[in-house]
């Protein structure tokens, strides 16, 4: 709040224009649900289309189940990422509608329809082994209310495969490029399209790949413009950001 | 081209609907100007608003001058980044209108007005030492046809400075966050706004900063959603991408 | 000993003021119990409140059991860290009072009450997955004679959760901040409180987290003052140091 | 295509010299088989001697089986690398002729004879533990139509073993040197022979070997001329490149 | 503010118990001075003893001068770190009382006396080359209102030098240990004293020291308890934290 | 020598078929010229076409001059790499025919013609800044007796520039690809040609380029087959190896 | 061989002074036993006291058994390192006298007594968890014919334990210091003794230990003189080198 | 001191057998000269042959001069390493006998003859650029009382140069091998000689050499036995250790 807003806010309270209850609500605005081991952010649920998101890695099965249980009390879509088979079973026992994508390791629970813009997000992978990350990105973007076009296995070792699908990629409003090994596909796509490119390095590869470092550095140093990078294997982050841009 | 497009393209040539000259133009579409030491991409100039960009680091003064000289023959805006004083003087001798931003180390040559959308880009820095990178981003975004709001020195060590300017940041269509040292500002801003955040790690710092590695890793591992990262000190890349998103 | 102390010490022996036995005791002062595979430091037990500490990683079950067995012969509290289930069972068989904290992977054996100062230590985590490290810190600090306030899951992605609990954090005499991923919470807390902050990076995260390196570098490069860092996942070290400061 | 070729190509279509079908074929030239999860490159099969290659790591058993199934419809040799026992069994169920090399973890399916040049490739290892990588290289080179001479366990710790076999190594047209630990063998061989040396660092070793990094850096910094390096443990890449050179 | 505090705060405004001016002051509490290129934190100046601190690296001479100029308008002590000779001259031209410590590269401007506790901080270095970092720490701690005892050049290569001065070190309330190369001194001191040890790795050394990395890792992995670490060469951070602890 | 060769060699000496002088020559075969600070390898000079090579970095001007002086006594071509201006002047004073390539930092002294094969080597760069490395490679290959085709500034950011020159690249017997930043060009070329590709990462770039590491890792992890890698900026090594392959 | 030796050697053959058989033997001097997957160095067996050594990691059980089987045909001591339980059983089946040290993971087969010098080697560890590496070193040194004194668990966290055993350490002819975590013990011992110190970093520790890197760097950067370092966890290497020095 | 020694020591004082002065001397045994910025170790000077050593990097010219000034008051040899021209001039002004080795960057001041054993140390380098490090090692070893044989420029790229000098190397009691780039020479020498090998990696090289890291890792991972490693470019450390071993 600027100085002027502060004064106005306080004068309104004093004059009764704003009731104490209203003012308290405004100040309490930034609140959350306390579960002890977790504080669930209630703040985001007001905005239509934002699902509740649970990053499940490092949580116990009981913690995941408990968080979902609370979330189900509200009328919102729910997304779980990095979900193990065991976690899914626990969630399924309290919510049979939960959908488990074994490739993406995601759970999705749809409780309301989100309207989708006409434009779409292209999700492009260099190889077959990058598909799990691509599915995490796609599931995220779809639940957030976006159309997704998947273009898989078009890496630069056989670049004609990419050119054949270039029209689909060029038609997107935002492009996610997912690649392991040397990650060169991001630069090539970035040089060919006029749209924002979100590059996702993957840990696919071996040896001097060092767990995805090679693709990460390659993408960060891209000579093409309009490319930015998210963490290694972070399909969720790419899908979320792509949705933000597509729904602007 | 899809199979169908290929057939149609060829039938049109055969039937004379497309003249050989037109067809040749289409195939020559992807061309460039050969300077020997450089191949200048003529392809992008058709699109209104895209300036010619020269990354000057590693080029000789004569090469920079030669490239600008050729570009001046066309009616397009020109941007040079990482420009030394000596390069600027060489450019200035053939183009007195060239503007040199000593902080950003950029040259800009404006040859035509680009119309700007109403929305703006917020360029936010953690400290004073990050300003050169912020200026590179801002100059780039402005030349590409965007309004820019600068919010400097609002790092997390005194987080109230950030909250004081939060309305300006929240009002932007896309936010560039520039920070060295631990780079925590990107996560904090990412947690507070609903817009795409482009994070730029800088080499500001010392010791275990390792030339910007600490800020880079911090930003890549951000727990906030909607953040992506460009190379260390890459103000140009951030400004270019922000423009792409702002002008969607 | 200074020259003067040496002279005095020796003159006292010569004059008989200090008996040979007393002098020997003083020189033997720095001693330990030899177990062959371990030398148990008897030196620290004199000071009230310092428990015997066993770092169990890399030791065999028999070694852990043997060390505890010897320690039980003395009237001192005992703390074991990085204790496996199997080690716990071995210890339990000779000391049914041993308490195993499965989350923290600690064993505690309380043999005497340690009086606690009125001030307390705040143990703050960014996420739910950081809780095991937080418990190791808390258990350590409590056994050493400190009150602990736990504030979990207040990471910067939803910074209002932090502000809501800021009074608890500000009220502490020393604050432990535990965070993985980008570790930004340490800088934010460091900028908001006037007390020493002990930052503990955790290995929580994936990809460019590189086993906790991202949080470690972030914390070491913090732009906020009053922060120091311990090893990745080193809850014990943070709890021990916090106790030292709290009990000054 | 150069400008002149473009014009000629188009004029030929116009004049009917090239039929629309022929022209379409030429443009479709770079095509592939779409399997959904994979796009199989049909382009290479025309060239005699090039087998179809499947890098199996990161693929599911079903994907591997599906890809082989399609490839079997064509009259080409097939090579699978990084093949697990389970994958082999799936392939074997549809192609009993498939040969599994347990050491190299390769599957080979020979459907036609490839004629071999008289010259041979020497595959040299520093130790016994490097043999699996050497076998991957040898199997690859043999399926591609080359004679291979294996010279194993001639590392520099007992350099007389190398000198004893030097005539075999010197007689090759191209030499593959495979070594872990410090990787010094590549430099020693490179200093002794006049032929191209392809160095393959392996992850054999421990401690400051850092997964093959020591051998990799050693080989990249070799003071001997005529050496180049492929990825750690990349026997396939070395065999493929050696074949290219041997068959020039 | 807790819910209850919020309600109370607002009721007090409404009832007039808190005037609008008072309430505004409380909300404006977190404010700063805007200089365009910097936002000076006015918040800390209220607390007696906290000097204004300027980290000068990466700032221009004019920026440093401008910040000092503003700070001089208030009755507070001022500390500048990483100050070049040229910056000092600019500051000296507007404040002849400014004291420049060439070894520590600090400027100090004392405008009021800070009362000091009886306890002291020991600043210990392994070698002569670590003294500049030690001076930065000492100057910081002294300006913040602490007595400092310097113990220099007592590294483990001649450990009797350390034992000779152990009484001074043991007598401190908090110990700063500064060491480059292998940084072993921190562990040795940590094993000998009962007080918090703040370890400062320095970039002193060469080769596999990698700019201070060896000392940093050594200190982070210390087997002694009660040690925490700040950034490489960060004398200021250590002095600031030591003051916090000493003045608790 | 095999056992049989040893026996034959010795019998020939015994029988006098080989004179002692001849045998001594054969055993002395592997000899060199001792200069004290250097041992010049006389062994290679016998083979036509191999120039004497001096790696000048780290040598004093006098050492370089002394080595050239000795080499000039023989009828062989001479190549110096990493030659400073000052070294060149010293060499020029004793050999006015020495040619200095300022871009490549090479000296070449041609004393005899080397016959060249009809095939050629393509030297391809991603950018203008990579040209110095490309020139080192080209000069080396030319002096060793090869035709070279230079294709500069065809990086993937504007991939049509590459396709325009693809016929030149495809026509080569071996291709050198030189690229900094993300180094993606090597993979793209490797996917398009059937010839051995020697990839040279360069240190061109900044930030997360880490002195060429990004391009190096990218090239080592290339998904295309037939690629091998030499050290960062090692134009000489690439030119030497390419010559070996081209002249097979 | 010098020129003179060569001449003499050849003249002796010619004159018959050296028989062809003798000369062949001398030239064949550097030989080995070919097992296909391994070339066993027969060269070393002549020297009394050198056992045959097998580094078993990365070898198959059959390979280990086959190598031992051949070695047993000769009258020499045998040492196997990094031996799994399964390998031991295979060896035991053909040699019931083989002794397996489960801690050190070594097999020793004593076939002849080696006389031992009066001096001894001190093997010192910082902690209990370093004992397996210490045992590998000790077993190696003992089989090579040396007396060993073990001094375990005397790390710097309780440095009085070290001083208590200092006489044993000082009495040795060469000292092996084994430490993980920060590895400071090597520097402390190096500063206290006048004998060569062989430092062995271990992978004991966690977090910023990075698999032994912290101890390795610490030891390499030691400020004490007379210290050298072997690979992480390389007890064998330390024992072998210590024996070389002790038996000089 | 053992318990028994302590008792005896104390009883002797009590009985007057040891005078207070003698006892004080024994306890003061570990002393040094305090210069404020340095504590000069007087302890070592008693032992014949050990020179006073000053590591000059990071010290000011005045500090170096002051330390030498004090050392000159005693009858001992003096060695300064990493000495700049300016430091030498300052030392020369107070000691005209000081000898400056510009290559090694050492100062030596000989005040008494040290008798030398008959055995010698071989100092071997891979290249000409490694000579400065070799000279630092040689000067150190010579001043410490050893004969040194220099064998320079025998790297593995022309391995016959090494074999030609092998007799000199094999004749040494201890061998120092100094190499940059890939450092393979250490392994080759280690495989050929029976003596302790001290390996010194140098920073000679470029690119993926990473300041000597490649040679360091290569040497640490050597497959040959009897090799240990000192810090990159640490000629002094190697010379000192070699002297220790040679003079055993």
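Each chain gets a letter, A, B, C, D, E, F, G and H, in the order it is written, and its residues are counted from 1.
What we mean here is this: contacts are C-beta pairs under 8 Å (C-beta built on N, C-alpha and C of every residue); 3 or more make two chains touch, one makes a residue touch a chain.
Per UniProt, the chains are A, B, C, D, E, F, G, H = Nickel pincer cofactor biosynthesis protein LarB.
Quick caveat: nothing in here was measured; it's all calculated off a predicted structure.
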{"item": "Other chains in touch with both chain G and chain H", "value": "C, D, E, F"}
{"item": "Between F-G and E-G, the pair joined by more C-beta contacts", "value": "E-G"}
{"item": "Reference chain G; chain at largest CA-centroid distance", "value": "B"}
{"item": "Per Cα centroids, the chain farthest from chain C", "value": "F"}
{"item": "Intercentroid distance (Cα basis), chain H paired with chain F, Å", "value": "38"}
{"item": "Centroid distance [mean C-alpha coordinates] between chain H and chain B, Å", "value": "54"}
{"item": "Separation of mean Cα positions, chain G and chain B [Å, integer]", "value": "58"}
{"item": "Overlap residues in chain C, where contacts from two or more other chains coincide", "value": "1, 127, 157-158, 164, 207-210, 213, 216, 220-221, 225, 231-232"}
{"item": "Listing of all chain pairs that touch each other, if any do", "value": "A-B, A-C, A-D, A-E, A-F, B-C, B-D, B-E, B-F, C-E, C-G, C-H, D-F, D-G, D-H, E-G, E-H, F-G, F-H, G-H"}
{"item": "Of all residues in chain E, those that touch chain B in their complex", "value": "29-32, 36-39, 41, 43, 57-59, 63, 201, 203, 211-213, 216, 231-234"}
{"item": "Touching residues on chain E, where the partner in the complex is chain G", "value": "126-127, 155-159, 181-184, 187-188, 190-192, 205, 207-210, 213-215, 217-225"}
{"item": "Interfacial residue positions of chain H with respect to chain C in the complex", "value": "1, 3, 6-7, 10-11, 13-14, 16, 20, 23-24, 27-28"}
{"item": "Chain A residues within the chain D interface of the complex", "value": "127-129, 131, 152-154, 157-158, 160-161, 163-164, 204, 206-210"}
{"item": "Chain C partner contacts - residues on chain E that touch it in the complex", "value": "1-2, 47, 53, 164, 167, 173, 194-196, 198, 216, 220-221, 225-232, 236-238, 240-241, 244-245, 248"}
